[in-house]
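In what follows, chain A forms one complex with chain B and a second complex with chain C.
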Partner chain A sequence: MYGFGGTIVRINLETGEIRRSPTPESFAREWLGARGFVAKTIYDEVPRDADPLGPENLFIVAPGVLTGSFAPCGSKLGFGCVSPLTNGHADSNMGGHLGPEIKYAGYDMIVFERISPKPVYLFIDDDTIEIRPAGQYWGMGSLDLETRMKKDLGEDFQIATIGPAGENGVGFACITHDFGRQAGRCGVGAVMGSKRVKAIAVRGTKSLPVHDLPGLTKHTYDIIQRTKPHPNMEPWQKYGTALFVSWANEHGCFPSRNFQTTYHEGWEGISGEKLAEEVLVTHKACFGCWMNCGKYSRARIPGKPDTYLEGPEYETIALCGGSCGMTDIHHVAYANYLCDNLGLDTMSGGNIVGFAMECYEKGIVTKKDLEGHELRWGNIDDFEHFVGMIAARRGIGEVFAHGTREAARKLGKGTITFAEQAKGMEFSGYDTRWYSAQLLSYCTSDIGAHHNRSWAITADIELGQDTPVGKAPVVIYLQHIRPLFDTWCCCRLFWGELDVTPEEHTDAIRYLTGWDMTIEESMRVSEKIWNLTRAHYLERNGGPGRKHDVAPLRQLEEAIPNGPAEGKKVGSENFEYMLSDYYANRGWDAEGNPTREVLETLGLPHVADNLEKRGLLGRPIPGGIPKVRGQKLKPKAM
Partner chain B sequence: MVIYLRSGGRLRERLRPDVDQYTRRVEVGGSPTLREILSAMDIPLALVAFGFSDGKVRRLDYRPGDGEVITLQPPVAGG
Partner chain C sequence: MRIKVDRARCTGCKLCQQICTIEHYGEINPKKAAIRIGAEFPEPGVFTPRLCVQCGACARACPEGAIERAGSANAFVIDPSKCTNCGVCVETCPIGVMYVHADAPTPIKCDLCLKCTEVCNTGALTVADPPPRATSR
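This part shows the complex of A and B:
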């Protein structure tokens, strides 16, 4: 088989048994890799009542079809499991260099089963696979450990690590690689930690079999030549994602003080320009990338040691910065470093600290709870102490260690109304009160409120920010196209920023694998995965689906108090309208349950059977399901 | 005076390039801001995150000089 490493590895951590099997080509084509491999394997193999941090959950590492292929930025690597944060399907991915290295060692998926009796790390050197003791590394920070393991094993090993938060089962613990690339979301680091796997170290020196090497080489060369002079290249190289802080602030979607408002006083201090002026050390690229949007930085704060980190990127600035009331880019960079080294997702982490700061402001959390410390807006010392409590699950840190939804459940006192999350996953760095399509995206997502499942902000602008009409089909299209990049495993920035079309990516798959892959087939795979993970969520959490697609009350009914979006809110009626429109356009019933017709159309009849057995199958749609589910945004006529 | 606006992606559809595939030549009177220029061209301001010229970010209140080439960057998600 072309384009893949050729082998799936299963590791029983309890017994130490390592099993290898050939990657079936039919499986590879049907699911394409990473998110697809994870969705299929988790659905088929993890019992519906399995504890996400227990032995029956699986922890999966899987590159995708384009990983390591020299297609534009085929750098990505997927991680998957059942999420301890949402209790549903989880997949999260990272760039860097580990994904290609795994493929060059010959592997398409690594499945960790059961729980190791002692801390271990996975060692792969081409055909050598070993489970090695990691007691000497247990307790170390993610970044510190990567430095240490590079010394111990050699610079040519690519390494992924978890920090103390992952060891301790914090619900939003992440996995770190390349000193700042994270599989951040869904708590994949907690599941890796629950298996007592502290790190993964891989060296791969084999070549990847390519069906048409001259064709793929020319294809990629032409894209490089075409995109080098692209107008968007230089600003991205210079500033990366941080540049959008000012825009988000000016357009009423930047979260400030736990989303209390969307205009952040002092935003200039944490802007992209300030990052470039104050903390940027150098630019950094993932495998196969000529954009270099990664920013390697140094935080300098009097009284604290200088710290080096990758970032902060937009999302971290929005959530550790704006949402925690910070106004100094050094403080945001330091918060980024703290989260990275503790092994906390900066997005959920920043969101949760902001939530806790509002609880402190309201007197719900007190100085006594905080071991004599405070939790003031914009205070980096308070931030540092509190994330330490969370990572250790110490004192009130335990309350917040499982996300805002769970914290609000424990705290009570109406805190759920300002817990900005969907399905237990904290919002990305966009307030949605003037951007209803984005709210719909967050709340209908299979993994919760993550912008990479669907980023609909510009769709809101194009379709009208004050109307819910016409949003649902566009959100569905975005929910198929954006996560497709997490399935192919190449960076979506070349699509979003440099006009490399999805069709050009399927052309690359064709050159690589010899398959007659089209964008239509890839989009069908993406829709199939979406329906499968929806069914998985319902089978684990019960139905109907509609009861899970819930928006935070702040986004629905609390008008933005100031700034460019003053007075804006989505409104419950508008949200319910969008939900109904969304289900109809997906071919689901009015309660948000997938129907047999749509599941069979996508080749998932057994999933329909499973849902039916559990009373979760959607009622047939009078007149049938839409022939095409989802609609690409058509800009209004000029 | 004349300025040159460049953009890719969706903004390019709005910009309607006439110099090369990314660039449009625009004649303006006086010394207008980028905001005023874009408004006159009926380009929604919310779809322009910022301008970029000579290696620097240009906000919408920036007043371009004669012959200046400005890249218009659309808002995107990331990070």
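This part shows the complex of A and C:
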């Protein structure tokens, strides 16, 4: 088989048994990689009542079809499991260089089963696979450990690690690689930690089998030359995603002080321009990327050691910065470093600290809870102490260690009304009160409020920011676009920013694999994944679907107090309208449950049977499901 | 003609390594590339592309006389029909830029094909001392 490593590995951590099997071409083509492989495997194999941090959950590492190929930025690597944060399907991906390395070692999916009796790390050197003791590494910070393992194993190993937060089962613990690339969301780091896997180290020296190398080479070479002078190239190379900080403030979607408002006083101090001036050390790219959005930085704060980190990128600036009230790029960079080394997702992490700061402001969390410290807006010392408590699950840190939804449940006192989350997953760095398609995206997502499930901010602008009409079909289309990149495993930014079309990516797949892949076939895989993970969520959490697609009250009913979006809110009626419109356009019933007709259309009749057994199958839709589900609108991507 | 390295501009993307092995081996395999990228992280945070500067020490050391200047770029090139893969050149190279790979029949060395400079988008790898262009008045 062309384009793939050729082998799937299963590791029983309890017994130490390692099983290898050839990657079936039918499986590869049906699911394409990473997010697809994960969705299918987790759905088929993890019992519905399995504890996400228990032995029955699986922890999966999987690159995708274009990973490690010469296709534009084929850098990505997927991780998957059942999420401890949402109790649903989880997948999260990272760029960097580990995914390609796994392919060059000859592997398409690594499945960790059960729990190791002792801390271990996975060692792969081409055909050699070993489960090695990691007692000496246990307790170390993510970045510190990568530094150590590079010394122990050699520079040419690619390494992914978890920090203390992952070891301790914090619900939003991440996996870190290449000194700052993260699979951040869904708590994949906690599941890795629950298996007592501290790190993954891989060296691959094999060549990737390619069907038509001259064709693939010319294809990508031409795209490189075409996009070099693209007007978006220079700003992206200079500032990376942080260039979006100014735009988001000007357009009233930047979270400030736990989303209390959407224009952040002092945003200029944490902008992309400030990053480039103040903290930037070098530009840093993922494998095969020629627009290098990665920014590697040094934070300098009097009284603290200088720290090196990758970032801060937009989401970290929005959530650790804006949402925590910071106005100094050095402070945001330092917060980024703290989260990275502790192994906390900077997105959920920043969101949760901002939420806790509001709790402190309102007197719900006190100095006594904080071991004598405070939790003041914009205070980096307070931030540092508090994230330490979370990562260790110490004292009040335990309350916040499982996300804002869980914290609000424990704290009570109406805190749920300002917990900006959906399905237990914290909002990305976009307020949605003037961006209802984005709110619909967050709330209908299988993993909760993550912008990479569908980024609809510019679609809102094109469709009209004050109307809920016409949003749903576009959100569905955007939700089908994202799995393309999450299964192919190349960076979406070449599509969104440099006008490299999805069709050009399927052309790359054709050259690479010899398959007659079309964008239509790939989009069908996307829709199949959406329906499969929706079913998975319902089978684990009960129905109807609508009761899970819930928006935070602040986004629905609390008008933005100031700034460019002053007075805006989505409104509950508008939100319910959009949900109904969304279900209808998806071919789901009015309660948000997938119907047999749509599942069978997608080749998932067994999923319909499973839902039916559990009383979760959608009622047939009079007149049938829409022939085309989703409507194209090309937005600016992020 | 030579390849000028500006390490401050290197982002570690490895496009150069991919195109290098495509060009020379008809394979995608960065570990076979004639250019390596050192990465000094977490501190000071610098990428260091390392490749042959065409000093000729390998040619002088080769017991088989398998390395000679050739081609339009006049680079030192390994003749695979003469090379016995003895490794003397690799040991001799004063800056450690003759590489080896288990599947490569000879050591791996830059032959100034310049493909890497064509894909590099940051100016980390550029062509220096280009041949003079014909001018007309």
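In the analysis below, the second predicted complex is superposed on the first by the 633 of 638 C-alpha atoms of A that agree within 3 Å, B and C clash if a C-alpha of one lies under 4 Å from a C-alpha of the other, contacts with A are read in each partner's own complex, and residues count from 1 in each chain.
Following the convention adopted for this analysis, a residue touches a chain if its C-beta (ideal position, glycine included) is under 8 Å from a C-beta of that chain, and two chains touch if they have at least 3 such contacts.
Given the structure is predicted, the values throughout are model-derived calculations rather than measurements.
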(message) Contact-wise, after the overlay, does A:Gly272 reach chain B, chain C, both or neither (first, second, both, neither)?
(response) first
(message) I'd like to know which partner A:Tyr308 touches here: chain B for first, chain C for second, both or neither.
(response) second
(request) Quick one: classify A:Trp455 as touching chain B (first), chain C (second), both or neither. (result) first
(message) Under the stated touch criterion, which partner chain does A:Trp290 make contact with: chain B (first), chain C (second), both, or neither?
(response) second
(request) State the interface residues of chain C toward chain A in the complex, per the touch definition above. (result) 8, 11-15, 18-19, 21-22, 25-32, 38-39, 41-47, 101-103, 118-122
(request) State the interface residues of chain B toward chain A in the complex, per the touch definition above. (result) 6-10, 12-14, 22, 42, 44, 46-47, 49-50, 52, 55, 57, 59, 71-79
(message) So in the complex, the part of chain A that touches chain C is made up of which residues?
(response) 68-70, 97, 100, 104, 143, 147, 155-156, 178-179, 204-208, 210, 213, 217, 221, 224-225, 228, 233, 237, 281-292, 294, 296, 298, 308-309
(request) In the complex, go through chain A and note every residue touching chain B. (result) 230-232, 234-235, 238-244, 246-248, 251, 272-273, 293, 311-317, 428-430, 451-452, 455, 457-458, 461-462, 493, 496-499, 635, 638
